[in-house]
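Structures for review follow.
Below are two complexes that have subunit A in common, paired first with subunit B and then with subunit C.
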Partner chain A sequence: MASDETNNILDEVTTGEYKYGFFTEVETETIPPGLSEETIRIISEKKMEPEWLLEFRLKAYRKWLTMPEPKWAHLQIPPIDFQEIIYYAAPKPKKELTSLDEVDPELLDTFNRLGISLDEQKRLSGVAVDAVFDSVSVKTTFSETLAREGIIFCSFSEAVQNHPELVKQYLGTVVPYADNYFAALNSAVFSDGSFCYIPKGVKCPVELSTYFRINAANTGQFERTLIVADEGAYVSYMEGCTAPMRDENQLHAAIVEIVAMKDAEVKYSTVQNWYPGDKEGKGGIYNFVTKRGLCKGERSRISWTQVETGSAITWKYPSCILMGDHSVGEFYSVAVTNNHQQADTGTKMIHLGKNTRSTIISKGISAGKSNNSYRGLVRVAKNAVNARNFSQCDSLLLGSQCGAHTFPYIRTENNTSIIEHEATTSKISDDQLFYCNQRGIDTESAIGLIVNGYAREVLNHLPMEFAVEAQKLLAISLEGSVG
Partner chain B sequence: MDNKIMVPEPERMQALFREAAGSLTLGNNGHFSALRNEAMQTFSRLGYPNRRQEAWKYTDLEAALQVPYRIQLIPSEERADASKIFQCEIHNFETYLFSLLNGSYVWEHSPVSVLPDGTVVGSLRAAALQYPELFAHHYGKYADIRNGALEALNTAFAMDGIFIWVPDGVEVEKPIQMVNIVNLKENVFIQPRNLIIIGKNAKLTLVHCDDSVQHQKNFTNAVTEFIIGENSELDYYKLQNKDDDATLINNNYFHLSDYSRLTSNTLTYNGGLIRNESKVKIDGSGAEANLYGLYLMDRKQHVDNRVFVDHAKPHSVSNELYKGIIDDDASAAFYGHILVQRDAQQTNAYQNNRNITLTDRARVETNPFLEIYADDVKCSHGATVGQLDQDALFYLKSRGICDRNARMLLMYAFAAEIAGKITIPALRVRTEEMIEKRLKGELSICDQCVLHCKDQPEFRIDMSLV
Partner chain C sequence: MLNIQDLHVQINGKEIIKGLHFSVNKGEVHAIMGPNGTGKSTLANVIAGKEQYEVTGGSITYKGLNLLDLAPEDRAREGIFLGFQYPVEIPGVSMTNFMRTAINEQRKYKGLPPMAAGDFLRYMKEKQQLVELQDKLSNRSVNEGFSGGEKKRNEIFQMAMLEPELAILDETDSGLDIDALKIVANGVNKLRRPDNATVVITHYQRLLDFIVPDFVHVLYEGRIVKSGGKELALELEEKGYEWIKGI
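And now, the complex of A and B:
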């Protein structure tokens, strides 16, 4: 690393707490808090949705009412009052936007402060961004360029209006509305999200990116992402999340569905940096996300990479269903928890097709009084001949008040598969620290250095722009964890 | 109060408990009636475990609980010499032999014997009367009757079992062998309860065998509490060779004090449905627990090994290695859970589970869990499910060893790692033989008929070469 860059990171480490914790004064249109069939009808109406989508929402809502909150995760979840939450909050005025100039300047400023200047990115980095502010998609860049390739990349609501047949065909096929408690809730009240369709044989020329931000108070964010990669298609998709600092907790319950057809490849990267709460554990986002990819066709490939540094509570298991023969699933994760954060995250690899392969690399880092768990399932069904899995889940403990846990589940039903799982838990050794100190690196920086090295295996899988940000995030998240 | 024949449904067990309350006594003045009542309340609340519960996801007791059993409430007073009813097949295996027949302690002269070095072995019932203080101090203190339905059921009805007390400073010279035999011409439901107390600076080698003779359905729900005193050592072997009609639930609670050492070997050769639950509480610093297991299952057998190691004090070490070969339609589950509590700094904990599946119908589930709240620890776990190494197989075959023998040799080598941990020479040799026999399929076949015995090509493994 160049010395300038090191200095920058060190500066940020020493100055920054949660640097995304500002609140933007944008006028928002909200509906009163509370959840009922009426709320769902209002949301649906505001978004001018077709009848079948309303039916889908209502079915999900009715199912949700009958489901108990999940208690199995290694998390202390305070009771959530679902009637206190505002289920729809949109920046006002909501009119058709055709260029960046029409976007509210306050909003643009927000994105600039987030470091994702839409304008900048549009011109320089060639990344197409769909920014979701509170629950509504405000601007999708590069739509025209993508349209030339036949790629559809737009907000979910637009997709419902313009491509209803595609949405209808794939919505809920990977994560059914009755999948789990939070998936049912999302299916009932989701307000927006991103939709992406890559047609046959098209390699998406730019990286697609969505930025999620919760802004208004007491709002929940329930976005839904649907990515379909048709035969032979390729797409790399990035997702980033931030929220302002608030004393009360906010709820985020999202769904991501990915469908990969024959020979298609989808790479999904996340840098999750929701507000984690303050040092006493006050406030922060409750992040309950269902992410699942279906490798439907032969030789399809889905890869999840995530850097989880934010949220008071993270409950998230990006999974792959390896249905097509020779399909590949990958999961790379770095999860950092500090102060009072809790994370229960991991993956599921369900091998159904022949010669399917999966790799799981999970690196957990716990500091402060936090708890960090890896929970994963590797299942090899009877017909998944020659399935292969390798899992490695390491945990690093920084401080004597934190916890690191590993809960792997392995199930096999045939004798041609090979499954390996290994995990270690340890702290940074005094030898390593001494080595750094002795060369003039102070302890805090040394920890940052060692942690970055530890997480490198995962960070290497992130797209360039994200990798830099992720490194900084790691350092910031761990700040103050020494001693 | 007679022993009843009935399906052990929860309601009927509760009724039976109310009916029998007067005659269920251990020790003087019904000392443990409060404990029994509490246990029965837990059982009434929880009922039998079922597959909807996380801990019982892989083991289904439903079929075993539909059968009418003779519920063995009152221990039989039949007198016999333990060595007459049980002939140990292990050559040159010198042990002090004690036995439970259908859940009751077998004795000829006295229900409680004192060995030359002062070690006390006897019937739980009789010992409760003779050593009330030891009992009040330890009995029922370690088994979890608040959350474990089967432990609670055992505690509610416990009437007999084996009691061992090794006083301070005593190193028991010969291994003590306790044999749990089920031999009845009818279906039987038994709940033995054992209490093993090892004082300070003492040492005990204990061989615990589970055997069944008649091919009748039998359900054993055993609970054993082990207390290992300061700087003491327990070397524990559990040998299981039951028939396919047996359901065996073993709940072992180990309580380790400062600088104590536990080595536990669970060797499962045969058995219809076996669940071994070992809960190790490391409640002393400098303690060490080694837990090894080997399971060789075939046909429709099922084994579920669950090991929970709770590191509550600093500077302790635990080491787990469980290996299994699963053939035919058999299934195996492993659940390992290491908990390192906040203050248990400087803990080293290792856990490893390796499985080989031989058919495409064999099923394996493994859950190696780590739950760690201290930072200055070294913990690791690993789990594999796979087949015999094709390269190794090719290597052997290329040297003229036939496929069958090459496979056998590899499987034997895989299993022999656990056998190698056995420190009693006679038992190790016997275990190696058993593994060999078991892998050739002789053990289960001999069990049922003698016709197939000789049609297998003779193959001997020279141990000195492995």
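And now, the complex of A and C:
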């Protein structure tokens, strides 16, 4: 990674605090708080959805009502009153949008402040963006350029209108609505998100990206992303997110589904920077997310890379189902917790096909009074001959009041499989800090340097422009964690 | 340049340095010798600003500044360099990135812009040759997996990069074979200039065959008990530290 940037980043460390905590004054259309079949019908109606989708939502809702909240994670989750949450909030469009000129300037300004330019002319590199503001997608860039390749990249709502057959074919096939409590909730009330389809043999020429922004108060964000890479297709997908600073907690329960057909490859990268709450642990986002990829065809490949720095509570396990023979699943994660943040995150690698391979690299960093857990499952089914897994779970502790925990589960039913698990726990020592100080590097910068060094193996898997963002975040999130 | 008056230092309530006087001028090379546990490393660490040491009395001025008021990183930026006796490993941080951060922090302190990437790499290459460290150094993590000799050479390499005004080398010779010792000494000698100074802390006279000091001091029980020219080192070698105890 370019050390030029590293240095600039470390300079910025001194500026501190959560930079994205501002609130945008836009006229917002919201529905009253509360969850019922009526709420779901309203959402569905507002989105002019076909009957089958409303049915899908209602089935999910009815299932959700029967499910208990999961309690197995190493997290302390205060009770959530689902009747107090607003399930739909959208900036009021002044009229039907056809070009960027018609997007509310307040919204454009919001995304500019977040460093996301929605102006295609002004974008430096080839990244197409779908910008989601509260419950709706504001603008998707480069859609027309991509369409020439046959690539569909649009908001989920547009996909429902324009490509209902594709949505119907794949929706809920990787994460069924009954999968878990939060997945059921999302399936009932999801508002928007991104949809992406890469046709046979097409290598997507630009990075695709969705940027999620929670703005309105008391709302939950329930987006849903569906990515389908047809035979031999390739796509690299990035997701970023921020929210204003608020004293109350806000719920974010998303679903990401990925399907990779024969010889297809999908890389999914996340830099998660939801508002983490203040130093005393007040406020912040509850980030309860279900992400799963299905390596459906032979030699397909799905890779998750995540940098988790935000959220008050993170509950998230991006997973791969390795169904196709010779398919490959990868999970690279850096999870940082500071102050009172809690994270329980990891992955599941389910080996079903022959000669399937998976790699797990997890780097946890805990500071302040936070708790950081890795939870992972490697499962090898009976027919998964010659399955291979390598897992490495490292924990880095800053200070003496934080916790790091590792919960690796391994279940194998095939004795030809090879599973390796390595784990380390380390601390940044005073001697390391003094060594850096003695070379003229102050303690904050030294921590940034050491933490970035520790996370490098994961950061190297991020697309370049994301890697820079991630490095900055790592340094900023740990500010004030020592001394 | 450096002036230490009646210095008293404690660690964990135990007094290690007990009224030490010591001064260094530009262009000079001083050697501090003495048996183990007499406060040599403590002195080096106190000058560099290591927190665990508590200064209970006396003063240290450096270039007219009250050194004890400066944070360790500011002392470094003001030109103080400590060559560590046991250089610590920092996994994942490449030497290139580490040195680049260090140099640019120093430049920022002096109001200079960061060094351009190309210039930096050329500069690094040039200084590596001084201590015969190979090119592949740049991609390796700081001191990680370095042999004892490589670690010491790496210290001298960093010293060459940072061009300190006052370098303190804490037992840089310990654990070195004769070839490595020559390389290290050669590096130090090449960096010697009329406007900088070096303090070599050593247990053995051997290093002083290669780095010829202007002054030799004997540290014993927290005080400098004898000072002299380079011949003092030879006398000490001959008579042993037992001789000091009689002084």
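Convention: the second predicted complex is superposed on the first by the 465 of 483 C-alpha atoms of A that agree within 3 Å, B and C clash if a C-alpha of one lies under 4 Å from a C-alpha of the other, contacts with A are read in each partner's own complex, and residues count from 1 in each chain.
Going forward, a residue touches a chain if its C-beta (ideal position, glycine included) is under 8 Å from a C-beta of that chain, and two chains touch if they have at least 3 such contacts.
This one's a predicted model, so the numbers in the text were calculated from it and none came from an experiment.
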item: Which superposed partner A:I441 touches (first subunit B, second subunit C, both, neither); value: second
item: Which of subunit B and subunit C A:D81 touches, first, second, both or neither; value: neither
item: Parts of subunit C lying in touch with subunit A, wherever the complex brings them together; value: 48-52, 71-73, 76-77, 81-82, 84, 87-88, 90-94, 96-102, 104-106, 108-109, 114, 117, 141-142, 158, 162
item: Contact footprint of subunit B on subunit A as seen in their complex; value: 72, 74, 382, 395, 397-427
item: Interface residues, subunit A side, partner subunit C - complex; value: 2-4, 6-7, 10-11, 429-432, 434-443, 445, 449-450, 452-457
item: Subunit B to subunit A touching residues, read off their complex; value: 54, 342, 345, 357-360, 362-387
